[in-house]
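Each of the next two complexes has subunit A plus one more chain, namely subunit B in the first and subunit C in the second.
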Partner chain A sequence: MAPVAAVRRTVRALPVALVVMLLVLPSLVVVPMSFSSGQILEFPPQGFSLRWYQAIASNEVWIEAARNSLAVALAVVVLSTLIGGPAGIALGLWRWRGRSLFLGFALVPAVMPPMVLALGMYITYARFDLIGYWGLVAAHTVMALPFVVLTVMSSAQLVDPTLLTAAQSLGAPRWRVLVEIVLPLVKGGLAAGAIFAFITSWDEVVVAIYLTDPTFKTLPVVMWNQLRERVDPNVAVVATLLFAVTSLVMAYVVLKGERKQRVQ
Partner chain B sequence: MSSKSPTEAVPVQLRGVTKRYGSETAVAPLDLTVEAGSFVSFLGPSGSGKTTTLKMISGFERPDEGAVLFGARDITSLPPEQRGVGVVFQNYSLFPHMSVARNIEFPLRMRGVDRSIRARKVREALELVELPHVAHRRPHELSGGQQQRIAIARALVFDPALLLMDEPLGALDRRLRESMQLEIKALHERLDVTIIYVTHDQEEALAMSDQIVVFNQGRVEQVGTPQAVYGRPRTLFVADFLGESFSVSGQVADGVFAADAPVALRLDVDAGVGNGPARAIWRSGSVTASPPAGDGSWAPMPTTVVASAFAGDRLKLKLRVGSGTEGIVSMGADWPAPPPGDALDVYVDRKRAVVVGAGEGAEA
Partner chain C sequence: MSQPRTGSLHWLLILPLLAVLAVLFIAPLYFVIERGFTDPPGAGWDNYQRALEDPAARRYAWNTIRTAFTVTLCASVLGYTYAYATFRASRRMRVFLLYCVLVPFWTSLLVRTYAWAIMLRDEGVINKTLGSIGLIDAPLPLLRNSFAVTLGMTQILLPFVILPCYSAMTRVDVSLVQAARSLGATPTSAFFRVFLPLTRPGLAAGAFLTFILATGYYITPVLLGGPGDQPVAVLIENAVQQQGDWGLAGALAALVTVLVLVALMAGWRSLTRSVLESGRRS
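Up next is the complex of A and B:
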């Protein structure tokens, strides 16, 4: 029996091992590379220093790009939550005519190839002079919406509809039912949706390449440009920082989810 | 919360209230008056219209025709949140994200009641349901019975004139249900509030109510005291739904019921039962295998035992009479249960026979 169990364990561990080897490790090589003391981007890195971190910290281009990325991502969080939150609540709480169709449309941006989205948006937005900050915010909001809609919808589906009836019978008009009962109960879904929206915008490059211009660039776009021009460890530093921010956010989500499961 | 509450119990009146879903009639034109301060049960099987009627009183359904009145006030088109009616639901419906105290406070906050008054009212409500120590717990930390008591406290804290309860004990086990029935009844006696209580459990309705409204297929079959609907059912449906009964078929002609052959039995009938097919019905207490000596009102009735079951203090017998009707009666368990197929002569009390028409619409 024991060998069989061991084999089974190995087989089960295999996909995890593959994911780590093929996905995580290659991304992680940038971390040691960012601490290189050499002139070019290489692995294994030459020596150890923080010189490239210092270079980034004093480089206006990167600072500016980081500020732009953050400004776009935060606006995307606000807009996609304001639009996707109510949509998710409506989809999760009630059955209505056209509900499935609406849900289908809301999820389109998630299944569209980014290149197609990018090209279409570029052509359309350019006509309305929407290239730059607001254009990118609009595009990323559309791309982030499916995540917000889905997470809010799934938490709204867990709300017992008689709670709303009960609140109404106790004297709450509809808007107060929404504020006092529905919103607190879908809070978790809204928070998760907001975080997904942030990440969606924060590291998005394809659409950003099209919708930014020389006066307005986000971090992934600057990285892309730099990689094409010269290969120095600057990019590794930025990649490491991006990776750190995203991982921290994801770790927060995962840990919070775990704790919630344990409570229930 | 006390009997000196600012809101007086109100009578509820339904005038020709009708509700249809598509071509389906959920509630046929219904006229009903619920006296102020009384405890009235809506009793009936599922789909009989009792819950729909309750929803039209609470405001969650609009009647297609007719009017709903609280006292002299027509509230037919008033939205539920403005009716000031307390509602208790089967699944408690406590808000999971609020503490028990916040739950009870909710209707007071919705009414803009001052904070200090709210705190006092919440305390009083918790004392009323004898759970003063759970104020800071979350609903999920309480047992089902406790949750339902909190739901009742929440529905009463704003002194509603009317309390609606929709199968409130349906999710509790039998023993808890019985003790909660007594508690709810005791609450009703202490408070000046009209209670309308929906249930499909006839024992519950019999035990708790001042009046029972028996629903069947969107219509009211009978309204009366528990004693009346149990002891003097007006239709076969009411007789069957309210408990064990034993009946024989026959014909009414000119005020006399004559049982179908081979049963030889004639009974005088009240006015109100028309000529035609009818049934004579007896409850368990008026059927026995050994009648008291010297009482001339007991008539013999030959039957065949279909099945028998021992039920502790009683023996439950399913009996068939010669003319074909079957019925279930309970008798004292001080004799051995007869095996199925045996002939058994029982005696029925002529004085306590209830004769109902068995023509169209009377069959359940």
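Up next is the complex of A and C:
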């Protein structure tokens, strides 16, 4: 009986194990590849060395691109939370006519084919001489807004309406209720939205290819150009560094969330 | 749940978003579609006729739709199974499985896609392993075909199925399943006749989202696919970059946009339901 049960359990766990592999494998193989001592990007890597890390540290192109990406992503975070946050609050807090239509409209940019967005933005922004930094900030803000709206909306839905009624019946004007009661309560949603906005911009390739020029390139654009030409472990190093940074940020967020849950 | 009296305050809060999307999103969409009618001058519907009659364009369209369907099917089956396993797992296991869903988001999409290319090629780790244990004589053709594209896209889109499915499962009233069991239903029929129907909105939302996103994919088919797997996005890019044919590109962009919007409307109910409820008690 026992072996049958064990076999059955294994068979049942198999698809899940496969999906786990599918999810994490591509992220994991990148790390050893970055420590390769060989000339080309391969797995398993040849030997072990830090030479490609040294190469990155002294390569102006990558550093410049990383700086550009960071500058774009930070501006996108600020703009998309400022614009999407209030809309998310309005969607989550109240019911009003046209609410679900507006929600749909606000979410469409996230599902539009990037190539269509890229061409449209290219011809439109070029008219206003927006190719480069501000054009890319504008484009990525549009693409990040749906995520901010969604996350803020879901945390605004959790706000207890009696709090609002209480504050209002005590004479607080509506804008004060929003700023002093709702805003602190949706802080978590805003933070989650900000993280999504950052990742959206930081990782975006297709639109960035069209809205950047040789004097202003972001990290994914440089990676894309590299991957289509000569593939050396540089790309793996950059990916590993990014992986390390995001893992740390996510671990911090998860741990903080856990602690908060325990306190509550 | 919601406060009844809002006055017009909500307008003030959504106005910035409306203005930004109108100028930075709708205007670009309008201008690229307009090109389809005005390039060359007086083109009218000519570009659409060209797009619909060109056998190459038809092939690209077929590639796009076929890939989107395959990926949606794979991601839905795997994603639902995974979400169910997560739902049923012990607390510790659940944290681990949910963590794994988030890992892909931490690695650049480009790099993840390229990692597949490295693993799948003839000298890659998969073919080498299979060869060294004697299972195959010649390397399996794993790269530059629909298999590679499906694998790469499923990997990227799986979280979009898993998360809404899991969230729908946490909202199911488990006593309904127990009631079905106590009334004599086998575990299998309790699952298929009670649990699955109750979580179908989550699955539908994930599947629609996957399909819609898959129709717009560009990077993955270019890096992993063969000539027979290239989607409409590549055709649009070729029209612009190689032929400077903005008219055709505009018409194709309009057609893809219509496809996305139709799919969005078809999945509208389940998508908004899943989105509007996901914040509610879990």
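We adopt the following convention: the second predicted complex is superposed on the first by the 230 of 264 C-alpha atoms of A that agree within 3 Å, B and C clash if a C-alpha of one lies under 4 Å from a C-alpha of the other, contacts with A are read in each partner's own complex, and residues count from 1 in each chain.
As a convention for this text, a contact is a pair of C-beta atoms (placed from the backbone, for glycine too) under 8 Å apart; a residue touches a chain by one contact, two chains touch by 3 or more.
Remember, it's a predicted structure, so these values are computed and weren't measured experimentally.
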Subunit A: partner with more touched residues, subunit B or subunit C: C
Touched partner set for A:176, first subunit B, second subunit C, both or neither: first
Which superposed partner A:30 touches (first subunit B, second subunit C, both, neither): second
Partner chain in contact with A:165 - subunit B first, subunit C second, else both or neither: both
First, second, both or neither for A:194, with subunit B first and subunit C second: neither
Those residues of subunit A which subunit B touches in one complex and subunit C touches in the other: 165
Subunit A contact footprint on subunit B (complex, rising order): 58-60, 79-82, 84-87, 89, 91, 93, 95-97, 106-107, 110-111, 154-155, 158
Subunit B-facing residues of subunit A, complex: 160, 162-163, 165-173, 176, 180-181, 184-185
Contacting residues of subunit C [partner subunit A, same complex]: 1-4, 6-7, 9-10, 12-14, 16-18, 20-21, 24-25, 27-33, 35, 78-79, 81-82, 85, 97, 99-116, 118-119, 123-125, 151, 154-155, 158-159, 209, 212-213, 215-216, 218-219, 223, 233, 236-237, 240, 246, 249, 253, 256-257, 260-261, 264, 268, 272, 275-276, 278-280
Interfacial residue positions of subunit A with respect to subunit C in the complex: 13, 15-16, 18-20, 22-27, 29-30, 33, 41-44, 82-84, 86-87, 89-96, 100, 102-109, 111-117, 119-121, 123-125, 138-139, 141-142, 145, 149-150, 153-158, 161, 164-165, 174-175, 178, 199, 203, 205-206, 220, 223-224, 227, 231, 235-236, 238-239, 242-243, 246-247, 250, 254
